[in-house]
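In the two assemblies presented below, chain A is common to both, partnered first by chain B and then by chain C.
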Partner chain A sequence: MFKKQITLKEPKGMDAARFGFFMILPALVFLLFIIIFPLLASIYLSLSEWSPLTGGGTRWYEAYKFWGWLSNYWNILRDADFLMSIVRTFIIVAVVVPVEFFIGLGLAFLFRDNFVGKKIFHSIILMPMMIVPAVAGFVFYMLFQAQGPVNAVLSVFAFKEVSILWLQGTWSAMIAIMIADIWQWSPFMFLILLSGLMALPEDQINAALILGASKWQRFRMVLFPLMKPVIVIALIFRGMEAVKIFDAIWLMTTGGPGTATESISVYMYKHGFKHLRWSWVAAGGIIILIIITLISMQALKPIKEREEEQAA
Partner chain B sequence: MEQKLYVKVLKFFLIVFVTMLFFFPIYWIFSMAFKPFPEWTAAGGKIYWFPNNPTFNNFRAIFSRKLEMSPIAGTAIRPILNSLTVSIIGTAIAMVVGIFAAYGISRYKAGGNLPFMLLQLRMFPPIAIIIPIMIMWAFLRMIDTWYGLAIIYGVVTLPFSVWLMKTFFDDIPKELDEAAIVDGCSNIGAFFKVVMPLAKGGIASSALFVFILNWSDFLIALILTDRRWTTIPVHISKLQSAMVGALYGPKAALGMIAAVPPIVFGILIQKYLVRGFTFGAIKK
Partner chain C sequence: MANIVLDKLVKRFGKQVAVNELSLEIKDREFVAILGPSGCGKTTTMNMISGLLKPDAGTVRFDGSVMNNIPPGKRGVGFMFQNYAVFTYLSVYDNIAFGLRIRKMETEQIDKEVQEVARLLQIRHLLSMPASNLSINDMQKVALARSMVVKPQIFLLDEPLSNLDAALRNVMRAELKKIQQELGQTTVYVTHDQVEAMSLADRIAVMNFAVLQQYDAPHNIYNRPKNLFVANFIGSPTINFFEGRYRGGEFNLKDFSAGKMSVSKENKKQVDDSIRGEDIVLGIRPEHLKVGSSRDGVSGLKAKIVSVEPLGSKTIVYMHPDGNPSAILKSSMDSDFKPKIGEMTSLIINEKNLYLFDKKSADLVMRFGS
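Take a look at the complex of A and B:
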């Protein structure tokens, strides 16, 4: 009996590790397939000055004939449009994410009580998240027309004809884009924060109430610390997606007027596919990968810690 | 917590107001879809809050082969079918690969850092490496094909399927598959016969979630398709005519068609949306 157990257990342990490896193998192969070549090709191209428009009918792998070492990096890091697209993207993220957070939080508090038709209101508020972002971009393009509904409503409140050319002004176009993003993604914050609020232990809040805590104290001392992990996750995931913003901008302004609303993705798309500056964009891509990697390593830390906590 | 009546009423009106605000753009697509040409914009000096002369002409325009209204695009049947095909196959790829990986990670702690590599992958803007991917796709002759787009969708949504399915597998007690293995099941047998049936609901809701993501893509399809395999969002962005400029009505009609499946699926899996969007970090 004793002997049998030992012989059974040993190979089984080996088997398990191997089996586990086979289970993740397809995902691993898939990932390497999509990462290795593009990354190497990006680095290779970025060190040359080749583009599809370069003469002689050269192909991309002949880029070594136009070798430029770090010239692309050197030039793109001094390119005002590129730098501004990065700054602009982070401005959008820095405005949009907190606004979405506070709208979401406010709504979540409103939805803590019961009221007539709660389920229906809940479903309607979640809808914007489900709309295809490109379609959302198109709708907001319509809403922000000079004679569109937004100006019409503003006219009512201003008691005079308002006809702001939203999408033609440098800052008004940025605001329009931010409003579109806030409309689409506040529900995301609402959804996460509401589920965080509902999961709070009722007795702790009641205890604070009995102790005579004011509303603000209750929020700061009890609710906020309990909600913190959920808040951190909500902010990280929203920020992460917001950095990639493209669809809505492309449909609303295509980055215009001029370059006034070019985010990182819009800049890269324009230069890669309208001006066909492939090696230039490859260098930009590598720089962005480095920046995002540095940020994401920091951003993912709380999630990693939480995951390890749960595993332990 | 007792609230005064007027506070309750005020709160309710606030909720109604905010809900209407959030609903308005959706209403605008839907109403625009039924508006005839003169009502598309307020160029005539009057804004049309409702379709005054509701018509199906916009839908007719996007589906008709007569090119009077859309000289470049032709019918939208093809893009709709394309979107469906590519999203479904992309979802299938992400789910099959993701389910195996998630099970390996959940039960056998395989993969080490793989889950976080996947999260990091999700953080990168796809545009940063899309040119070499395009070169690779061109070499493999996958530009403007259904499999080319489906494969890249499978990769892009893999982080979601892996993380989501991992949380669903984590919810199933380990003892169940261990018991099956002790009873003489093979590893893979325990997975297929015991765990998979229990995870059915999880698989279905994850698949719907991944489908919504694939269905929503614009950028990748814009770059990797050209003519035959353009999807709905790309088609919308290209709907114009030389005669009247941008075809707002037909765009809205197609936008409405694009909006319906995700809204329906989203409501179906409402319970799991939090889990989905946070990669399972918040399970509710």
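Take a look at the complex of A and C:
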């Protein structure tokens, strides 16, 4: 890599480590402010029973006057709506992420070969990702109306009038939301997987070809193992994003009918801004943070092990 | 066993012609090197033999059967890539077993074959290691083992030594030659390194600008180069060229103030018979061009010594001919020769070492002394 080392002159009487520390100090302070402060404020709030209605407007820092210790945690963990929103969110993630992965992978493989109009199709496929999620949500809200285009198309295939109340049924609403999410985020998978695919060492694939590997064998024995790191990263990125699903749900069903499509984010939004239960939501947020951290650590394990292997 | 026949192969990339009407016959068990500067079409030729590329015209035949539409995996070729293309995510064992597993061989048989080839290449101790942790020469052996284990009839090597350092390259060169002689496969070896080609190959195909220049044994390539390109490409330091005219038994060389050189009586008739035009280029290899005044064969040609490279076994002397200070002559002298820089010296040329080329066609007209 870079053979030449650039050396800065250190001020006298200061070792390199301390000099470095002072150099990054301004950035560090800024980072602490935007990351640590909200976290500490959340923890502080979650241990109280303060709310703007009981605690006098926005004076959240006076929450100690309404101290409740772990009461919020105790109560929210027995709140069926909260627990269901977690379960529901993970159902959505478990469905949409694999579907988006396979769609993205399939498209990426198609785009390895050259064909007429490749560039145009490339742009068209990426388009959903560029659209503002709220706009996409609204578009799907229109599509899934009882008299909307989705039912109209289904009517053609069913040879009779179809008028499913998509967004009014418990499961049909979930399906509609998942379809919207898959439509919008498959391109993201496609983009990551395609770039991973294009970066593969051509010679290894050719070596397998000369050794007699069929198309499927080349995929299973060469391409897939080579792609593994990219695949893991794509799944983690998309998974972490999918857990936060909000826009599409809010515009299509606002979490309804009832609470049938409430994801974690929708639940938080409703309780935080509609019911103004700030400390309640803070406790919920901390619980979610712990869950997500534990899952991510597990998911990132193979990558970390790989890095350590390469460093060794 | 297999012989290879390439018949008028053509490959274009867009408007660029990468290989133009290449015809080549490689005998069974022969070791042939395709030699040329980068971009001459040698790797493209190799890829057409392996099947990774389809020729736009012409045929590739193994043992008489046309291979053009046979996929690479069914041609019975082994291919070693320049960067070895070892599967880094697998162990050494799994790398070598790769081709056998594709052939759905029994596990016990696979184990036998892998152990056998590992023993031959002395990499048994590496079998359980992940291939990503190998040193470059072990990686090369694994790549070799992987293609050898499926027993290809034809072995294709694409610059296999170019990633190694100089010392290791010599060792691996000898090793490759030994293995090829033991196994006796027909081998095609692509390289830009003339030393590799000269030392390994039974025959060398020299290519330039997509065209085959000469296809002959190493000795003939060196001593009877077909044209100026081959003469210039083979040999280190490169051959010296003198441009000039031939008229009435006398060469008149442009770069020298007293540039007259007469041809001896024995050779005059042959030159007169074979010469095609007045404009000629004379070639002489550095090891045949000596300097000094004390020896026989001192010509009237003079040159100024500008630089000296003592290489230990010999000393390379660089000179400007006295009529053209931008031209450079090279002479390979004994290592005890101690020239003075800036000195004007005489060139010693023995007529039998001269190559005579026609300037217009660039072809060799005759080789004196043979």
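The rule we apply is simple: the second predicted complex is superposed on the first by the 263 of 312 C-alpha atoms of A that agree within 3 Å, B and C clash if a C-alpha of one lies under 4 Å from a C-alpha of the other, contacts with A are read in each partner's own complex, and residues count from 1 in each chain.
Keep in mind that, in the parts below, a residue touches a chain if its C-beta (ideal position, glycine included) is under 8 Å from a C-beta of that chain, and two chains touch if they have at least 3 such contacts.
These numbers come from a predicted model, not from an experiment.
Trainee: Will chain C clash with chain B on chain A after the two structures are superposed, or do they fit?
Mentor: After superposition on chain A, chain B vs chain C: fit, no clash.
Trainee: Would you sort A:90 into first (chain B), second (chain C), both or neither based on which partner it touches?
Mentor: The answer is neither, since A:90 touches no partner chain.
Trainee: Name the contact category of A:228: first (chain B only), second (chain C only), both, or neither.
Mentor: second
Trainee: If you stack the two complexes on chain A, which partner ends up touching A:219: first (chain B), second (chain C), both, or neither?
Mentor: A:219 contacts neither chain B nor chain C.
Trainee: At the CA centre of chain A, how far apart in angle are the CA centres of chain B and chain C, to the nearest 10 degrees?
Mentor: Approximately 80 degrees at the chain A centre.
Trainee: What is the contact status of A:208 with respect to chain B (first) and chain C (second): first, second, both, or neither?
Mentor: Only chain C is touched by A:208; chain B is not.
Trainee: Return the chain, chain B or chain C, that is in touch with more residues of chain A.
Mentor: Tallying touched residues of chain A, the top partner is B.
Trainee: Could you tell me if A:66 is touching chain B, chain C, both of them or neither one (first, second, both, neither)?
Mentor: neither
Trainee: Considering only C-alpha atoms, give the closest distance between chain B and chain C in the superposition, rounded to the nearest Å.
Mentor: Here the least C-alpha separation of chain B and chain C stands at 8 Å.
Trainee: Take the contacts of chain A with chain B and those with chain C, and give the residues found in both.
Mentor: Shared contact residues on chain A: 209.
Trainee: With touch defined as at the start, can you tell me which chain A residues reach chain C in the complex?
Mentor: Where chain A meets chain C, its residues are 201, 203-204, 206-214, 217, 221-222, 225-226, 228, 310.
Trainee: Which residues of chain C touch chain A in their complex?
Mentor: 50-52, 71-74, 77-79, 81-83, 85-87, 89-90, 98-99, 102-103, 132, 146-147, 150
Trainee: Please give the residue numbers of chain A that touch chain B in the complex, ascending.
Mentor: Spelled out, the residues of chain A in touch with chain B are 15-17, 19-24, 26-28, 30-31, 34-35, 37-42, 45, 60, 107, 110-111, 113, 115-116, 121-136, 138-140, 142-143, 145, 147-149, 152, 183, 186-188, 191-192, 195-196, 199, 209, 230, 233-234, 237, 240, 243-244, 246-247, 250-251, 264-265, 268-269, 272-273, 278, 281-282, 284-286, 288-289, 292-293, 295-297, 299-300, 303-304, 306-307.
Trainee: For the complex, give me every residue of chain B touching chain A.
Mentor: Residues of chain B touching chain A: 1, 3, 8, 11-12, 14-16, 18-19, 22-26, 28-29, 32, 41-43, 45, 47, 49, 96-98, 100-101, 103-105, 107-111, 114-133, 135-136, 152, 154-155, 158, 162, 187-188, 212, 215-216, 218-219, 223, 232-233, 236-237, 248, 251-252, 255, 258-259, 262-263, 265-267, 270, 273-274, 277-279, 281-282, 284.
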